[in-house]
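Next up, some structures in structure tokens.
Below, chain A partners chain B and then partners chain C, in two separate complexes.
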Partner chain A sequence: MEERNSTEETPRNNALAQRRSKSYRQSMRSCVEATHLAYTSGLLTALRIPRSRKAPKSCDITKQVDPDQVALLVKKEWQLSYVTPLYQFRHTQLKSYSKQLSAFIVSEKQQGLAIEVGQELGFKVNFSVVLGLAETDKDAETVFIQILSKQAFSAKDDAQKVVWSGWLTCVNGDLDYLRSLPLEFVSLPLFCTRGPESLTVLVKSWFEKTFDCCFGPLGINSTNLQWLASLWTGCHPTINIQYLKLVWTLPTLPPMDVTYTVHPQDAWELWDSMRQVDTTEDSISIDEVTGFIKGLQSHFFRHFRIDLSAGSLMQISTALGSSHHSGKIKIASPNYIPTILQLLTECALLKMPI
Partner chain B sequence: MAKASNLTRTDLDSSFESQLSVSSRTSNRSLRVAEKERRKNQTGDPFVLALKYFSEVEAGTPCSGNDVLERNLVLVERVGLSRGLPPEAISVMLDYAMSLRMGGGTCVRVLKFLIPATVVPQEAVVRAVSWLCVGKIAISTQVLFLRWVLTVFDMIDSKDHLRAIYGFIFSFVTEENLSPYICHLLYLLTRRESVRPFRVRKLLDLQTKMGRQPFLLHLLSLYKVFYPELVTLALPSRMRSGFKNHNSTWKVALSAVQKRNKVQVSSDISLTLRLKDKTNSRKRKLNHLELPSLSSSIQSNSSSSRSRKVFSLEQLHSFPQLLDNLHCIELPSQMGSLLGSSLALCYLDYVQDDSAFLRLNFWLGHALHEEFLFCSGDGGSGSSSEALHFLNRLLSTQHFLQEGFSSTEGFLYKFLNVWDGSLLRPQILGLLSDIPVVPSSCISQLLFEPLMQLFFTSTLFFKCSVIDCLNNMLLEWLTWHSVYALEDGLDISLNSHTPMNMTLSGFMDSVMELVRFVGRLATVGLQLEGCHCLLLSFILDFYETVCDMFLKYGLPLVVMPPAGVFYPALFATDPVSVDRLSYIMYRYKKNLTSAKCQQQETKAFHISRQTCQEFNHYLLFMVSCLWNSKMFLPGMAIEVDQELLALSKVPEPWTSFDLIHHPAFLGCALDFHHKCWPERKDIDFNSIKAAKQWNWYMEFLFSQGFQGLQQFVQSSINRRSVAGISGQRGSQPTSR
Partner chain C sequence: MSLLKPFSKLPGLNTANILLVENEEQFQQKLADTVVLQEKTVNVNVLARSLPLPMENEESRPRIDLVVFIIHLTSELSFQSAETSLKYLDPGYFQGKVCFLVTNARNVSVPPERLVSVRKLAASLHCPLLCAEDQTTEGVTTAAHRLLAILKVAAGLVPMATGLYLSTLTRCTVPSDIDQQNFE
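For the complex of A and B:
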């Protein structure tokens, strides 16, 4: 299902910025431009799904980004969603958003009780900008949200407990898409959350009401999991990945889960053998990735006579991070954050309805 | 007592804004002038005298045993309850009652018969409120007064002065017994500028004191409409019903008076607040298809528009309101909510705001994608009734706006590839026929290929629906062309700043592609379904549109149907199909001849020689087959070897498709034969071919309702040459 989506989706449309007008010319123009970017599902769509990527380079992210903020992002498992562009979101208004959201949460929790905005409440919401994650000047800066709860019987200056956190980000988003959006829209397509589902629902609903956007779940399909596996394995010479674990689910009755753990050195050697000599050092092609996974699968077949390609890849993990089919990701090492986020931003942008 | 009341009145006056007191005085003065005038004219009228009594009576006059008072009171009461009181009388009586010049009992009695005949002067209400501030009136009477104000609220002539004393009225909100009524009154009076942080805080204080009272919440929810950044609340579903009615005391009398006077001042008998009621109590896990509710946005409030007067769509209930506030309407926080309101859609169509459309398209595209393509979570559209409802609403919205949304279009192109052809078929095909013109370069990939697959693998009924859908699509394109091409003239080219050039010829290419595609579908479809007459009927519908493209829609394009459509229609076993084909051929001829004329005059366009040849071929065949009983001859479209024909042992095979022997008309011929020669037992069809009988037979056919055939015969066959028997009966007038 997921794969089908990703290949069929042609979410980009330069015409979306076009004025919808009832005149012959403009209507013509918009549909003509649509053909150029959006609806030629064959060739151009294939180009949109990247067939090669830059090899991940270890970079010290803490040089660009506040280490405290990096610490908030790493070593935690995040649930992913995509979100359509936010209308009239302003990075300068974060303080007022904090007040609005906290009042909203309280009023939704206490149906039928009016709440003054800006009052001291049981919840405190913090909006903050994570500067430095954006890679191009079209990328909007990442926004981090924390919900703190006041304990009912705690002392006044007690530290409040973080009950929910989430962030909206865009790293290396497709330039054509971002350029096609009018200025009033801010595209932060990737939304990562952590905390009780009820709060996630409330936060989403507040965003939808305030910025007229829509949220949807973002899964990570097999192809992208394979990408992640390859990218992480490729990092082994710089950072020890310790292990490469892949989980397949085979469509037997009852379904069979296969957990396949590979020694890091073996994985890396297989990956290294797949790397084509003629490709430049810092680019990885999809063929190399599928070759790598095929190699792993054929090895497994030789030993257990089970063809893993009949099943679907559900989960992969290394010491650098883990990722699950249902849209969960954990980044353990700050050094490769931008690579991972770029991949996820791509997935999220592919989900955009227009 | 008089002294005291005078004193407080001056106090009040000084505390009012000066303008207000001045105007209230002037209105008093004008009232007095009017009184004087009237006194001159009708000094004898007891009603006027009674009013005079009440306006002049001294405070402290005893009321028990006061016959004059009783007499006047009864008089005014009778007038009030039967005909209603004129504005001046309301003014006088209200002032008299609220000043308590003769005690609380009279006050209650007066309030109860204070039925306005036309309008209530707002100064009277303002003065009465000022009496309320004196604080001498019993609480129950105060409540009665407020209920009266609420009942006649819509009849108060204007409300600006009442709004000016919003603060005074607001101060009563703390009075426990009054606050439900005060809140209602405030709800009716509140404007954006009256919402202040301190008032919000006061109401919230009250909320903590009194609990979640519906009236407080309703007022607060109105405040939220104006300033969502000041206050927020979520109304529980049981509180959505609105304010109670307080009109019980006056309801009967008021409606009687209004019926009598036939005034169309809508005293609002049901002054309820209209909150969107949530229809789906059943919570779906992922309800993409639920329309968001209309609510004003925090965004625009907090920025530039704060000072500007704003009218939010939440308050919009009627078309005149829309017209009055067209300049200051504010779009809601979620554009998806517009889909539920036709008034809001009117506004959207009027403003043509890019980002508004984009927001709507994002929302719509998201809903459609999540529900039908991603099917995330709940395993697809398990709730098809909701999906049905949603798509129907979308369809009616698109029809209302007379155009499709671009997100619908994009969605459909993807959805066609995964559609099974049966899920929500009428809706999907309906949406499909709304899509705007698709450029010819990609029309095949986007539209034709997926449709073709579905078409050939589905039932007859689906085939008919597809042809119908494509017919509607063509109609929309043509209509759109005929409306907008006129604006721009025939030479349509784009502004220079776009790289692509879409011209009239581009549009024509698309139409051509569409028509040819349907031709292919129809040919194969008819073969697959054994020339089913239902399918044929839909196909002929389509060609009825196609044959008139030049004359009806001004598009210089004539496309003939393929042989796979023409011959099945001509040899159809039902007369209706042949009749319709005749009509289509007749229209083709009209279109071609007038196109030819215009071509010679302007030389602006060119109808291809091939089209004319095709038409002539068809026409020749049709005439010789139906009229001249000639078929299968060398040089005609259908050639059959004579020996082969002889083998079939059909006698006179060349006559078997003339108007007598044609399977579609055989019944008519038989009927005609019976009518002509009722006594004859053996049937000899050839006797119909005699010139006189043939003419009668034609008249007979035309009288059976075959209008198409009639038009065809009259336009394409020279009837004067009907002299010969079967030789040169017809002639072909067109030969290009």
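For the complex of A and C:
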């Protein structure tokens, strides 16, 4: 593929190289798409890996979002997936969606089982909207789904308990992409789930049937884990992070896991020294992040003679939250939810095969 | 500082020598064995972890026709080690006698920025960039086959083709759109 593209682009004549004709641009754009072999990006998703981000500000999210709903989101570990835009998803029809989904789950669960009279397999589904998380007017409102069910062998009057919960969200999504979507589509690219895998699979298949979308696993690669580590360390002055823990996996035989815990004050001083002179500026650049992680790695090397850059970063955690490479995230503090969700929304949008 | 020079020794008859530089030392041996099996005129392979090569066997070492840097995208160290090794190559090598081989390019856990930076490095040096799959035998055989094609030209065994000519056709290019990715 590379050979073919280079023979087209190498100019035989210097004068031709100056001409930026439309076909040249199109062939260059297809070359950009071909570089990212993990997923195909279409013309609508211009591939952008952000090189700088805004520093997270502590905001009292309870001003924008109902505190009970915030409590539903924090302090729980969520498994992440990405989802392509939903066709004709209406925020006004949530009640009917609840009924349809509960009927679907009940019918799927009863497949192949002998139906016993009197046994209640009743699943009740609750769709609700979490207002206030969306940052721009192009973001769709977050939708929260809960599945309640009676436990087996519970007494007749016991209330139903939540067995599965999940939410679809879009926070500060890429504006060009959102504007380019046709009107019938709603984009909520980040899907967080918690609960038994069997129910997750059922919910996903119902969504796929009803809204013609695709789900896929969302991993958090090492660059994004480094971003999260730096953003959380940067919050140390306002809220004590208590520790910064990083877990690496080294490709030795047998594979070795290294857990590296840093005292928060030391981590913050290292991060502060990495921040460029203009700390009044709001944005953090990728160079500062890589410098911070390199500083931690070289300190480790000096003491243990193990070069952590030969391995891969698997997990980071602080008192503000933790995040794992396989796509698990836990947000412990409600103050920084918008920043974390924005980062995860970006990951989901970049991962989508559209 | 000892630079590896391309033309300081005499070539052998019907031989071509390839140097595989890899920090992790896992893929080189398999690749070397497969290259030797595929073609009878390739006599010698030289394996190294990083440049500069040791001074002790400077005299007994044959003339190196092609230097291949194997970079595993799963670790940052692999890329950095390849970058530092580049300094020990004489500039004469960069006219068709250097090649970059990258593994795990399709791996989901690899951040895309790493492949972009390897591409930029290869493009700035006008060298070809090959992607290989090192876990299966077919992958190793395919990679060996491609390297052999470039090696034969670099060693002068293909009439009417030189390394410099081939490198203008196969060199890695990075469209300038990639540099304009961050619009903020």
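Rule of thumb we're sticking to: the second predicted complex is superposed on the first by the 287 of 354 C-alpha atoms of A that agree within 3 Å, B and C clash if a C-alpha of one lies under 4 Å from a C-alpha of the other, contacts with A are read in each partner's own complex, and residues count from 1 in each chain.
Simple rule for what comes next: a residue touches a chain if its C-beta (ideal position, glycine included) is under 8 Å from a C-beta of that chain, and two chains touch if they have at least 3 such contacts.
What you see is a predicted model; the values in this text were computed from it and never measured.
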Per-residue touch tally on chain A - higher for chain B or for chain C: B
First, second, both or neither for A:210, with chain B first and chain C second: first
Partner chain(s) touched by A:50 [first = chain B, second = chain C, both, neither]: second
Touching partner for A:107 - first (chain B), second (chain C), both, neither: first
First (chain B), second (chain C), both or neither touched by A:185: first
Touched partner set for A:251, first chain B, second chain C, both or neither: second
Contacts of A:92 with chain B and chain C, given as first, second, both or neither: neither
Touching partner for A:223 - first (chain B), second (chain C), both, neither: second
Partner chain(s) touched by A:311 [first = chain B, second = chain C, both, neither]: second
Common ground on chain A, meaning residues reached by chain C in one complex and by chain B in the other: 5, 9-10, 28-29, 31-32, 35-36, 38, 219
Contact set on chain B toward chain A in their complex: 200-201, 203-204, 207, 212, 216-217, 220-221, 224, 229-236, 239, 288, 292, 295, 297-300, 302, 333-336, 352, 354-355, 357-359, 361-370, 373-377, 403, 406-407, 409-411, 413-414, 417-418, 436-439, 441-442, 445-446, 480-481, 484-485, 487-488, 492, 494-495, 498, 500, 502, 506-507
Residue ranges of chain A in contact with chain C within the complex: 2-3, 5-7, 9-10, 28-29, 31-32, 35-38, 46-52, 219, 221-224, 251, 307, 309-312, 325
Interface residues, chain C side, partner chain A - complex: 23-24, 74-78, 80, 105-113, 115-116, 119, 128-129, 131, 168-173, 175-178, 181-184
List of chain A residues in touch with chain B within their complex: 1, 4-5, 8-10, 13, 15-25, 27-36, 38-42, 84-85, 87-88, 93, 96, 100, 103-104, 107-108, 111-117, 182, 184-185, 208-214, 216-217, 219, 351, 353-354
